[in-house]
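In what follows, structures are represented as structure tokens.
In the two complexes that follow, subunit A is the common piece, with subunit B as its partner first and subunit C second.
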Partner chain A sequence: MIPRRVFSPAAVGIVLVGVGLAPSVMSTSQVYSGTEVVILSLFAVSYNLLFGYLGLLSFGHSAYFGLGAYATALLLLHAPGVPLGPAIAGGTLAGAIGGVLIGNFCVRLSGPYFAMLTLAFGQLLFAVAWKWRAVTRGDDGFGGFLKHASLALPGTPESGSQHSLYYLVVALAVPVIAATWALMTKTPFGNVVVSIRQNEERAVFLGYDVFATKLITYTISAGLAGLAGSLSAIFHDFVSPSVIDLNLSTDVVLMTFIGGTTFFFGPVLGAVFFVYFGDFISALTDRWQVVMGLIFVFMVLYVPKGFIGLGRLIPSVRPRETRPETAP
Partner chain B sequence: MDMFGVGVTLLFGILNGFGYAMLLFLLSSGLTVVFGMLGVLNIAHASFYMLGAYFAYSVVQSTGSFWWGLLAAPVAVGVLGVLTERTLLRRAHRLGHGHELLLTFGLAYIILELVKWIWGTGSHPVSAPAVLDGSIRLVGGAYPAYRLFVCVFGLGVLVGLALLLFKTRLGMIVRAAVSDIDMVNALGFNVRGLFVGVFGIGAFLAGLAGVIAAPLLSVYPGMGPDMLVDTFIVVVVGGLGSLKGALIASFLLGGLQSFGVVIVPRLAMIFSFLLMTVVLIWRPMGLFGERA
Partner chain C sequence: MRSSFALVCAIVLVASVAGSMGHPASAEGAEPIKVLGLDVLSGPFKDIGERYLLGVKFAVEEINGSGGINGRPIKLYLDDSQLKPDVAQRKAIKYILDDGVKIIMGFTGTHVAKAVAQVAAKHKVIVVQYSAEADELTGKDHVPYVFRLALTTSMHAAATTAAFADKPHKKFYLLNQDYAYGHDVAKAYKKSLDRLKPGWQLAGEEYHPLATKDFAPYIQKIIAAGPDAVLTGNWGSDLSVLVKQAGKFGVKVPFGHQFLSDPVAMREIGEAAIGHFTSEVYMLGVDTPPNREFIERWHRKFKDTENPWPEFTIGKAYNTTMFMAAALKKANSDDADAVIRAWEGMAYESLIGRQVMRACDHQVQTPVAVAEIVPGPGKFYPFPFTGRVTLVPAENVSVPPKETGNKRCE
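Here is the complex of A and B:
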């Protein structure tokens, strides 16, 4: 249950209109960061299906982001004339297929075993992207695949502009995030997922297929990460192993945790913070990641529920906790 | 290649695998004992390894002697480990295993970024000490002396560790704490103090592994994450908390890596993942683990 005070139709409407109109008052570089925020928000939301909802800490989530990015980029490169829609769908599907195959092993485990197996699979896929030069061009990466695709969107000034990319990303990511929110908070499926995290044994005895539920959640999470990766490939018109590396996997842990895992939109907050605060401190110091790491450690020790946990200090916007305890 | 040549190649392969197994055991022994005692999976363990290598690099740069690095760097890392436990990990303990894991993860992140900040993102060579710089003639082939040193040194540490754990009273208490820490606590032993010591020794051994790995693999920021994955594979295959498992899995992985590189160079990495995946499907708690 999400409190109405926060999610009144008016508030949602204002946010949506704001997101829609924002580019008209922003500079190109602001539109650029805005697009980045939306892509990372989708990625962090996908990650939180595992971290917050299932209580599973994964260190290899960039695998699916990368699968999506590479699949879309390769489709656009090798199948000239393929419309953008199928290319994005292909990226999403690649993430989901990877999720089914790898999740099949991972979701049987929990705690540190799960963390290590996801890390290992993530590093394995990274090694493939790094070493399979014939297909991925190794660490050089490749780009320029968008020239084959038609990017003209209705109502945007020019094809392939920063603005049209922003609208493309928003038009896909926002409805998908909303649908995921509905799935996790409004459906019996979402309730089963939460019940498994709260007490797996009890869920088994209630007759739920715990393995299938975990695998489905893992697959959805991987598919959403694939979509985020796919959008990122299109946005940058470039892919390299950095879309599938350990850095990205650790970044998503950081932003999800900092935002707060106990609330569906916490990770969105984390992504916003990660990009904008990251920009802010990177203007002050080269090594902004050190600051981000210190904030993370501080929050692990003193604000274990993330920014959403801070929200309780302000009673009027306190998000009622839908789930009693935190991630693993 | 004649039979003799095959024999020499085989021997060198075994030695290479043995050396790598020693490195892996130095790392995984600390990780697995710490996990066995408190259930904390220390993601920052490989960061201690990396710090050992970087400290050694700096000491070698300033003193010109590898031996000073071998002496000083692991001690510095061990002290750092003790400080980490006393100031950070202890605080996270009351928050539960999930937060302890996140804390060590955050620590690994900070250490990696600090290393990039202080020493740069490039790779630094550390030369082996002059005595061990050449090769040794071994049954008709030339084998790098330093690699042989790694094997012998590793074996020495292994024997020392085994004596400490299995022949002393302290070792007995540590092993008892791995199997049931509450009971050891109830018997009146200071388990928190014991744990600080074990954590420090684990960090020391990781730092030691970093120093002796430095001339072999050079020093670069990715060395921590690279080793983290292999160490994890070792402790998972061996079973978290099992020293015997860590030892056997170190040899399995060392052998796989060493011969994998010879047989199918491009797929060498895949073998370790296959090993782990097969073991986890067959025995989710690892070869010698007691809990999944």
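Here is the complex of A and C:
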């Protein structure tokens, strides 16, 4: 059902060399934006596990990004001397645990009910971040927790530099994205996930445990979002409720949609577009949100497959799709 | 698959490189001092950010028109923080690294101010704040590269409380927004009441959600409690809706505010606010010779625009920029450490009188304007607006260094 060539070693090589060498040709500020793009790519990819693969439209995905960000920030703040590794693992775990607990309720539903429940849980966690001022410092947020952590990475000039942050983020995000890609496109588990989206009833009759598969996918998705949030907290050296608010939840919908949901790497394109085009257009006009909104509407109406769908207009670069659009 | 994957990678790389193009600065003649004004310029609060940056722009024009900073002009960049900390950080980094910006001015939103402070510390640039008021920005979260020329929440509350110091009011009711800032304001009011109104009574204390549409239940409670005055730090729609509804319910006791010297708010609120008090580090009615001249210069240039008078946002930003320019002149450099050395402890004759930049927490010590809302038309606007301004001396609103929570002040 999902014809696929093995992940070509050449393609892997190109990516690794490209990503590894990029900082040497980029200015420091471009390295900075690049790091942000990688973090948002990971977040958008995690979102697409739910939307593209399971067909579940979530409006509360920033909850897990925020859990990861706050968990890592609080760990670094209150446990001085904790190495970055455990702090990031803690953030990822916080996202995943949140995913199991909340997913347990949400994945029983589908369509608008699922969307509404994720929205409700997302707002609940936002309210906690906003109101629990003793811990989260409320609306004001907190920063400067990174000075307690050692950021010196082997082979980088200075501790905490934009370059070492870039390599830290890439070293974690790229393998994780690749592993998720492999899981979704190369394994029976991925096939089951796609079959559930295409025809849930048939998957049940075939004997698959639909609830467990959905919950596992939801948890993986939340864990990846937690990792993205954790990296974002370290990258910005600052957290505030904007890492857990509805804005971020809708931003990721936008990124994923614009990039394309039918292709695993579509959301990566969406994240690139969102950051660079967003900055570009907001420098031109204060009505940039209108422009972004119009692009979103246009994409949903006319190019529902996103940028990847645009690629189909050129036959020679037509990407093969991860999954057919509708069930047979 | 392979080709599509490679295509994606290629696009990612090209976009990353092309996405934020900028060139390092090259010196030509007198090298300009590069300043970034970063504030919210889109979305529902864009009007606030725009007005602040108008003030900065006007000040920079005047500075450059009179010879710049010891011969060096100021080159001003303006950009939109989108009121988001991550966006503000990204833009700050871009201007610091690509354009060689040495000073960043802003910001509406404490979270934005805090996020940019982290960037400033890392890249050793000076941050000059004309707006965000949370105590901790110059208190326990202070980054030594940050200078604040706005009031702190505590100073602002003290100034509003001072409006009641020589009046018979005894029973105060505290009504504030239910989030970090609202709670800080209430705490600050209580502290300043302890100091300025010994023996005061708390008639009631209430917090309402942000952007409340219907204040009727809260106003009923105020009426039932029968206070002599109500103190609030509300802003935005929570300010205008509260005052208008209190007027409709016939609440006669005066309110003490922090953000009522804004003509945009007063145009909407109108007569309901007459008799209320408000305070700010700058107000149109401040009657000093430099301020009278400033208002005249502004009015001559902008009388036919949306902002015929340099109201509080514009005046605050202008005054901040001018004090900063004085510090830059004294430092004779835009190097962060030199600016810090020059600015710490420096005194300046501002629009509102003598201001001093306190050395330990970089918080300006300043007189504060307090005024009562009087019926319109007045000197500036046809609607009710702040009347005669009294200046509360700096020492009456100052927070002692030891109480700031700033480690450098211990």
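Details
One rule holds for everything that comes next: the second predicted complex is superposed on the first by the 315 of 328 C-alpha atoms of A that agree within 3 Å, B and C clash if a C-alpha of one lies under 4 Å from a C-alpha of the other, contacts with A are read in each partner's own complex, and residues count from 1 in each chain.
Just so it is clear, a residue touches a chain if its C-beta (ideal position, glycine included) is under 8 Å from a C-beta of that chain, and two chains touch if they have at least 3 such contacts.
In this text, all values refer to a predicted model and were calculated from it rather than measured experimentally.
Annotation: superposed three-chain arrangement on subunit A; subunit B versus subunit C shows a clash.
Once the two complexes are overlaid on the shared chain, A:283 sits against subunit C while remaining clear of subunit B. With both structures placed on the common chain, the touch criterion links A:238 to subunit C but leaves subunit B unconnected.
In the superposition on chain A, contact of A:119 is made with subunit B only, not with subunit C.
When the shared chain is aligned, subunit C comes close enough to touch A:140, but subunit B does not. Looking at the shared chain after the overlay, A:174 reaches neither subunit B nor subunit C. In the superposition on chain A, A:210 makes contact with neither subunit B nor subunit C. Touched residues of subunit A were counted for both subunit B and subunit C, and C has more of them.
Applying the stated contact rule after C-alpha superposition, one finds that A:97 touches neither subunit B nor subunit C.
When the shared chain is aligned, no partner comes close enough to touch A:82: not subunit B, not subunit C.
By the document's definition of touching, of the two partners only subunit B reaches A:105; subunit C does not.
When the two complexes are superposed via chain A, 117-125 is the only one of 45-53, 117-125 or 153-161 in subunit B with C-alpha atoms clashing against subunit C.
Shared interface residues of subunit A, touching subunit B in one complex and subunit C in the other, are 131, 286-287, 289. Partner subunit C is touched in their complex by these residues of subunit A: 4-5, 7-8, 10-11, 14-15, 18, 22, 25-30, 32-34, 36-37, 130-131, 133, 137-144, 160, 162, 232, 236-238, 240-242, 247, 263, 265, 268-269, 272-273, 275-276, 279-280, 282-283, 286-289, 308, 311, 317-320. Listing the residues of subunit B that touch subunit A in their complex gives 35, 41, 43, 88, 91-92, 95, 97-99, 101-103, 105-107, 109-110, 113-114, 116-117, 225, 228-229, 232-233, 235-236, 240, 266, 269-270, 273, 276-277, 280-281, 284, 292.
For subunit A in complex with subunit B, the residues that touch the partner chain are 55, 57, 59, 105, 108-109, 111-113, 115-117, 119-121, 123-124, 127, 131, 246, 250, 253-254, 257, 286-287, 289-290, 292-294, 296-297, 300-301, 304, 326-328. Those residues of subunit C that touch subunit A in the complex are listed here as 1-9, 11-13, 15-20, 22, 41-43, 46, 79-80, 82, 84-87, 89-91, 93-94, 96-98, 110-111, 114-115, 117-118, 121-122, 134, 136, 141, 143, 178-181, 183.
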